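One chain, subunit A, appears in both complexes that follow, with subunit B as partner in the first and subunit C in the second.
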Partner chain A sequence: MKDNPQWLERVIQWAAGQEQEGPEGPEDPERQEFQEYLEYIDAHGYMEFGAYRYMRRRERAALGLDAVTEAIHNPPHQPNPPKPQHRPRRRPGLLRRQLWVYRVLSVGVALCLAVIFTAVALSLPGFGETDVPALNEVAQRYLERGMEETGAVNAVTGLILEYRAFDTFGESAVLFAAAVSTALLLNAPGRRLRNYRGPDPVLSTLGRSLLPVILLFGVYVVVNGHLSPGGGFSGGAVLGAGLILASLVLGEEEMDRLLPQRTMSRATTLALLAYGLMKGYSFFTGANHLGGEIPKGTPGAILSGGLILPLNLCVGVIVACTMYTFYTLFLSREE
Partner chain B sequence: MLEAILQQRYYITAVLLFTIGFVTLFLHPNLLKKIIGLNLMDTAVFLFLAAMGYVEGGVAPMLEEGQEWTAYINPVPGGLVLTGIVVAVSTTALFLALTQRLYRRYHSLNLDEILILARSGEEKH
Partner chain C sequence: MIVLEVLLLAVLICCALATVLGRGLVSSVILFMSYSAVMSIIWFLLQSPDLAVTEAAVGAGVTSLLFFLTLRGIRGRKRRGEDEG
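Let's look at the complex of A and B:
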């Protein structure tokens, strides 16, 4: 019995029913506290446990005994509590069953669509046949009288920039809207800091000789849009690719100095405005060119086709600037 | 039947591409792959339209004096495909920007994970 610690000795004594001290043992603070608690309950007639605990805590704090209690009740505030890694590998049962149904349904819908489309494709007029309903008087008019009415040798350019120039204006506006909304989404405030990537030596050596050719070819395709295959959209895409290559060859810092974002957006807006003004003038001075204000020129010459050449230039500028803007916006940036 | 399929090979290819893109769009949880599926569907539509415009023996519509109009392919689908390409590029850029924003916020490209994280975030706030 002598080897046991004090508390164990007391427990054994308590179990044996022979406690050394009486029920109001003086040297046990916990027991005393419990006694006070019982008296408190007696005095108030009901269990006001919270109030009692509060009173106790204040007393203990006054005595300076409260470090441990404080640590338990108010744990020290961690500035950045670790987020629970919420990466569910397994889903709950209901969601999983719904997902299964969803998968089966989507495959079924896709198969149904495929079957219907294949049946339609097999019953369509044969590929390359000449007496198809798509080759109606509209195509005939564009092909027969396109050259004299628009002055463009390229029938597609004449179609999209003369007969249907308003649609093309809408297309350019769609591109412009996409560029603007992408810039809005990606240029969030607080993300101004950029780390520029320098030019890659291999690419720079190769690209320096390739770059002028690509840019020149882009300009050629834009300017010759009414004479040969191409036009503002394809030439603008070539020019945009050339600008992206220039950014890789010269380095982003140099490119940002030469063609800052502001210049790009200004050029796009100006080109769109110019397109709208030119086409608006053309509509205003006799819709469908009944008055024929703008000289058509000789088909085949570079300065021909009325407004098609300047419209092609505008479209080319819009497309090239938009492509380059997309590239600069999607570059990885320093946070 | 086989002859008909061979005759309409471009349309059948377009249908296959469209279906592949559709299934990719619906079944892949990865947002980037969903965008790729959408682009596949776009491409299928362009292929279909461009094939519709072809005329047997026709050349590109660079007009020449004194040529019959049946010597050229149909220029109308060309213009339509041009419009489609522009819209496809614009929507792709917009989708990619939105995906980047989602990734910045949730650090995941998996749509299911993003939805679960977004839902738990709503409950917290």
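Let's look at the complex of A and C:
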């Protein structure tokens, strides 16, 4: 403990409950000085701390105290001040050698990784072969009884939102956490929205005519997740990209009026909560046959697949809102 | 079909190399975008349309957009710093 710096020792003492007596350690000169400064500005009005310190130093110097500080700040004139010694400039050469070593090492590491990855890729089973270890009874069960057990025609969505719904919940929560932390980091309270500058008429018209198609496709992918390729994540990403395009084409002020930040975060939180409640309910009622009480419907109809459709909607809302939130937050950093 | 796949894979490798070796950051981002676009076609040919949609929307769309915004933010800050200093 002897080698510890002063502050660390104080922290250790504080953590051990042996804090020194008195509200402020009286033997700490800096703290005492600051305390005096606070009293001084209480009495005389505001003053910069640096200016206060300078004034005090001048006072002490006038009284003949504090000769050491004075000697440092105003050194007595020396007839022959020693010339500052320049060290021989060895750095650039050393730096160059270090850079060389770094480059050689990085190329070596990259080559090693390339060799390893190529070897692994060459020893992978061919595409579509049947006698591979990954095709065990789990995959067989998913493919053979998936539709009957989940009610989803699209086996991938049935897998993601029924057999492995807990993983998807974790993924959505990770996205939500990322959006929240980005908002906490980047959300400046007084951010200004830029005026719609009215860019190129060609791009703007093209964007305006593409926009409904993209948004509709996103909604289609989300809603038909259990019937056709896609699902909450893909459709949500398409929707988010569409919202970003809308913000580019319509202008940020218009989008902020249509979809304020508050609405977005509310929608995300509500969707995550709804997902948790729905899936929590089906976990609670029996994790083996997830959501056994919810009617499956006929596979192939839009209202089928039990909980998959609402879960897809929730995931889609979360993903779309998160993407759009990222965009707005990154944009607002420019100002 | 095999010709198309080989062609796509070649373009993919070219895009990946050009992304790393390219000069400007903006062109690197654009090349990365085209990498994602080609990759999404390959996903589709490998019979995973789910991944293809996601790759197209996330890889080619949103990620590149965030890259562009970040680049713009960095440039703006640099320019401001030059003005001040």
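Note that the second predicted complex is superposed on the first by the 214 of 335 C-alpha atoms of A that agree within 3 Å, B and C clash if a C-alpha of one lies under 4 Å from a C-alpha of the other, contacts with A are read in each partner's own complex, and residues count from 1 in each chain.
Everything that follows uses one rule, which is that a contact is a pair of C-beta atoms (placed from the backbone, for glycine too) under 8 Å apart; a residue touches a chain by one contact, two chains touch by 3 or more.
Remember, predicted model here, so these are calculated numbers, not experimental data.
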Considering only touches as defined above, state whether A:209 meets subunit B (first), subunit C (second), both or neither. neither
Examine A:156 and indicate which partner it touches, taking first as subunit B and second as subunit C; both and neither are also allowed. both
With both complexes superposed on chain A, which partner does A:139 reach: first (subunit B), second (subunit C), both or neither? first
Report the partner of subunit A that touches more of its residues: subunit B or subunit C. B
Would you check which partner chain A:331 touches, where first means subunit B only, second means subunit C only, and both and neither mean what they say? second
Quick one: classify A:6 as touching subunit B (first), subunit C (second), both or neither. neither
For A:127, is the partner it touches subunit B (first), subunit C (second), both, or none of the two (neither)? both
Check whether A:164 is in contact with subunit B, with subunit C, with both or with neither, and answer first, second, both or neither. first
Quick one: classify A:118 as touching subunit B (first), subunit C (second), both or neither. first
Subunit B and subunit C contact sites that coincide on subunit A, given as residue numbers: 127, 154, 156, 229, 233, 326, 330
Mind listing the subunit A positions that touch subunit B in their complex? 86-88, 91, 103, 106-107, 109-111, 113-114, 117-118, 121-122, 124, 126-130, 132, 134-135, 138-140, 142-144, 146-147, 153-156, 159-160, 164, 167, 171, 174-175, 177-179, 181-182, 185-186, 188, 228-229, 233, 299, 326, 329-330
Write out the stretch or stretches of subunit C touching subunit A in their complex. 46, 48-50, 52-54, 57-58, 61-62, 65-66, 69-70, 72-73, 76
Would you mind writing out the residues of subunit A in touch with subunit C in their complex? 127, 154, 156-157, 221, 229-231, 233-235, 237-238, 240-241, 244, 323, 326-327, 330-331, 333-334
Quick check: in the complex, which residue numbers of subunit B touch subunit A? 4-5, 7-12, 14-16, 18-19, 22-23, 26-27, 51-56, 60-65, 69-70, 72, 74-79, 82-83, 85-87, 89-91, 93-94, 96-98, 100-101, 112-113, 116-117, 120
